[in-house]
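Provided herewith is a single structure, encoded as structure tokens, for subsequent inquiry.
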């Protein structure tokens, strides 16, 4: 009789835990990672493995320093951060670059703020932006994708978005980009970060996550739609200067960002309404940076900026509590 | 409280007066050196772009109409036979961030004596190598005739640096425009008499 | 199917006892009838130790408007009135009766109205005298609910046959086995509150009950609505919203939107009280969970020791690790089987060791499932964190008072956070502060 | 005399303006991208601090309470202007790099803070020592931040390469965000050291 558990209600708990979510996201990232491995070969495998191992190692170190025990190591968040970071790096990233990225992601962005749940910015994204600002040359030399090879030699090549920005600066028009086949970036046969090259594989992962209820449709759909609609409007206004919306869909880190980074639980709004605001905001900032900014790609910056706005969004998008007058009723 | 008020005014006034007096003195002392430093700056840049030629920036210049209706101050180095080199400032508006100010020296035959970056706000490390001697040195002796003044990436002859294309491209473009302006206004720039501009 | 309320969760309904007909349990050797059976003030004992009582005889009187009387479930001798274990975990005074085995009944003919001639006002009094309380779990005195003030016209009576708590099947069996009492009680309740329409809401996982009630030739104004299986579909305000689209305003009661909700068990008890004059001395409850050897639905006298129920149904498979009074979502965990049946005990669930662990809350990862599952659209993660970090001042801004403590947020939380418990703490703290 | 020692050393550690009192962050963050800049800024601030402390302390019984803040500001502003002009005259290149931040020393809360909290309540000698200690502490703090940023961001210290040619510059450290990162890391380390004591 003395052995009964006297915990408060409810006595039933769902089987979906943090681990479920983390490992589902990792699973959903695998198609994208696999495409990266196929086109970038051994190099990609090296980057992914190193990034994951280092992130887990630093997570363990941080937990040790903070005296938290190794229990949280099992939640998979460090593995996920490592994988996401790797997918945001060029496939020829040197080891020291990955090391710095992991330090920034795990120590500076996550554990300085208190570990999983307390960080206000997406660790992998902060690491990516830190590296991009610190080492722009290394971070923007993308190897050309080719079918699977064991060779570590690479030829670097600009991304379609980079080409577009250059051409605009130089000639005031889109140049070759206007006529390129959009099937290549859709499948993944164009330059870019390791994990962002295949819109198709990333979309598949996104559909899996939404179907399994790990993420909701709000952020990815509003994010991608906003980018589509805005680039479409500009394209209609001046197709010489602005690329087609489909081009913006399939190039750069949009899919990776919208599906896997913007939806990060910890750093995105919690209410459905807030998620929509967040998605639209991310989309608008991405478009502005891509079309008018100094950098060719704006997904990382857009998401980080909106991460900063998340507490504010949450505060102003509280759902109407049951039994309270709706806004319309309150006015009447 | 009247007396108190008077004292406040008095004290504050005294402090202001003392401070004003002190500052006036410092200003007098530093006026000359500051003016000299500013002149020195121009002289240095002129010496860099027209090596071996002497110019007094206070007198040897002429203000001419630029391409876009602006005024260009052209510093001119003369010897007994006429102008042996000119230098003027051009602006590259299309860098990463903000204008890049460039001083360029041109010899009468239209070849470059050299270029000097006066100021820029490019990202350090990424765009800033344009200030390095080994890059600026490329321009010496170049002219519109002997060189395709575009960066190699765009099919020209000027070597851009690894990774950074935008800043060198901006500078190269500005220098090319400057040379074109020189070619189109050569007679006016080199003429002995003040043009009626 | 009708529309649904926002939020909610889908725990496995585990209604393993749905096929078990209602059985009577043998009378125990001792009954401990707690004076606190319901929401409101405890009843005042009307008997003294040594008194002989007959079955149905009143043994305690209501001590206020929101209070209810108690009756003897058997004939026997009052042994004592002394503090006894209560499901809440506290010791509450209880009237202890030793049955004499003769089961002599009080003559109820004078207080019965078999032909339904006395009219609504008399019926209300009969229901009150019979000590009927809400049998869905909260045990609110029914006569209070049946007596809405004149300025709140009631147009709809809702019979709550949802039984959304997993494991519980008592209401389900009642609907199947005693639909006449239920319908009779529904008619009476409608007359008492003046409602012209009645809706019987049943979750879609009880198709046989729906069938049964629909086959009863429902008169005009009666409807059976099948509702999606979704916890907490049976919560009053959520049920009303799902059935009618009406929202009970914050701090308000169903009567504010012209509705009175009664549990199906309560309606049956009303019917018994009015037509037979029979007070509420027993109820149907579900014995469930994984450990009982004889799970099923039993009609048990109020005051029966829980251990008696377990022993007389074959005992347990092994040691009990978790004992729940009520359903798994809102019921209380008990330290043992030494407390007694009350009028609100809808179930007794027993689980074994491996099925119950104490969960250590982890930091919130802000996944948002609690927000989406909250049937009143609160932000449980915020409320929970505010209490966790002692930020009580902000609780009211986030409408802590509107929480119905259904437990959805805690059920769904992937970080094992005890959100609803923190919210209860927060509410308690606010009450202490306002004093 | 030991009192003066304490007055001096408190600025170095226990009341270090940047790392302990978190004062004067504008220059500490803005101009510390190289060690040279840090030294120049530190010395300029130290000079102003020393002078203003001296003058304020001298005049402390003369200035009425009601106008003390305006008086202090005038005194500080005068010395800042003197520093500004002096640097423009004899340290032109560094004056150009520090730019607006030299005049901004006026609003450095450290200086007004010491005037208000210390110099206006203590005798001259003590105030001089305090100003010196605080100034040295401030300079050391700036140099520390500058060293971290320069070494990581450019691979150099005082312009001399220390990390070798193979080092890839971590550009973010010499950009504005790097100032915050370095500052945060150093603050954390100071706290950790203090915590352990």
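Letters A, B, C and D mark the chains as written, and numbering starts fresh at 1 in each.
Basically, a contact is a pair of C-beta atoms (placed from the backbone, for glycine too) under 8 Å apart; a residue touches a chain by one contact, two chains touch by 3 or more.
No experiment lies behind these values; they were computed from the predicted model shown.
A.B. asks: Could you pull out the chain whose C-alpha mean position is farthest off from that of chain D?
C.D. replies: Of all chains, C has its centre farthest from that of chain D.
A.B. asks: Where the centre of all protein Cα atoms falls, which chain's Cα centre is nearest to that point?
C.D. replies: That would be A.
A.B. asks: Quick one: name the chains whose C-beta contact count is the highest of any pair.
C.D. replies: A-C
A.B. asks: CA centre of chain A versus CA centre of chain B: separation in Å?
C.D. replies: That pair's centroid distance is 44 Å.
A.B. asks: Averaging over Cα atoms per chain, report the distance between chain A and chain D in Å.
C.D. replies: About 41 Å separates the centre of chain A from that of chain D.
A.B. asks: Which whole number of Å gives the spacing of the CA centres of chain C and chain D?
C.D. replies: Taking the mean C-alpha position of each chain, the two centres sit 71 Å apart.
A.B. asks: Report the inter-centroid distance (CA atoms only) between chain B and chain C in whole Å.
C.D. replies: The mean C-alpha positions of chain B and chain C differ by 87 Å.
A.B. asks: What are the residues of chain A that contact at least two other chains?
C.D. replies: Within chain A, the residues that touch at least two other chains are 136.
A.B. asks: Could you list the positions in chain B whose residues touch two or more of the other chains?
C.D. replies: 123, 125-126
A.B. asks: Would you mind listing the residues of chain D that make contact with two or more other chains?
C.D. replies: Where chain D meets two or more other chains at a single residue, that happens at 169, 171, 175.
A.B. asks: Help me check something: in the complex, which residues belonging to chain A touch chain C?
C.D. replies: 1-14, 16-18, 20-21, 72, 75, 114-118, 216, 265-272, 275, 314, 318-325
A.B. asks: Applying the document's contact rule, which stretches of chain C touch chain A when the two form their complex?
C.D. replies: Going by the criterion above, the answer is residues 5-6, 9, 11, 89, 166, 237-238, 241, 247-252, 319-324, 328-337, 349, 351, 353, 356-359, 362-369, 371-372, 375-379, 381-382, 398-399, 402, 405, 407-408, 410-416, 418, 420-421, 424.
A.B. asks: List the residues on chain D that touch chain B in their complex, please.
C.D. replies: Per the touch definition, chain D meets chain B at residues 33, 59, 62-64, 66-67, 70-71, 74-75, 77-78, 81-82, 85-86, 88-90, 92, 153-154, 169, 171, 174-175.
A.B. asks: What residues of chain D sit close enough to touch chain A in their complex?
C.D. replies: So the residues of chain D touching chain A come out as 168-173, 175, 177, 181, 188.
A.B. asks: Which positions of chain A touch chain D when the two form their complex?
C.D. replies: Checking each residue of chain A against chain D gives 96, 100, 108, 112, 130, 133-136, 138.
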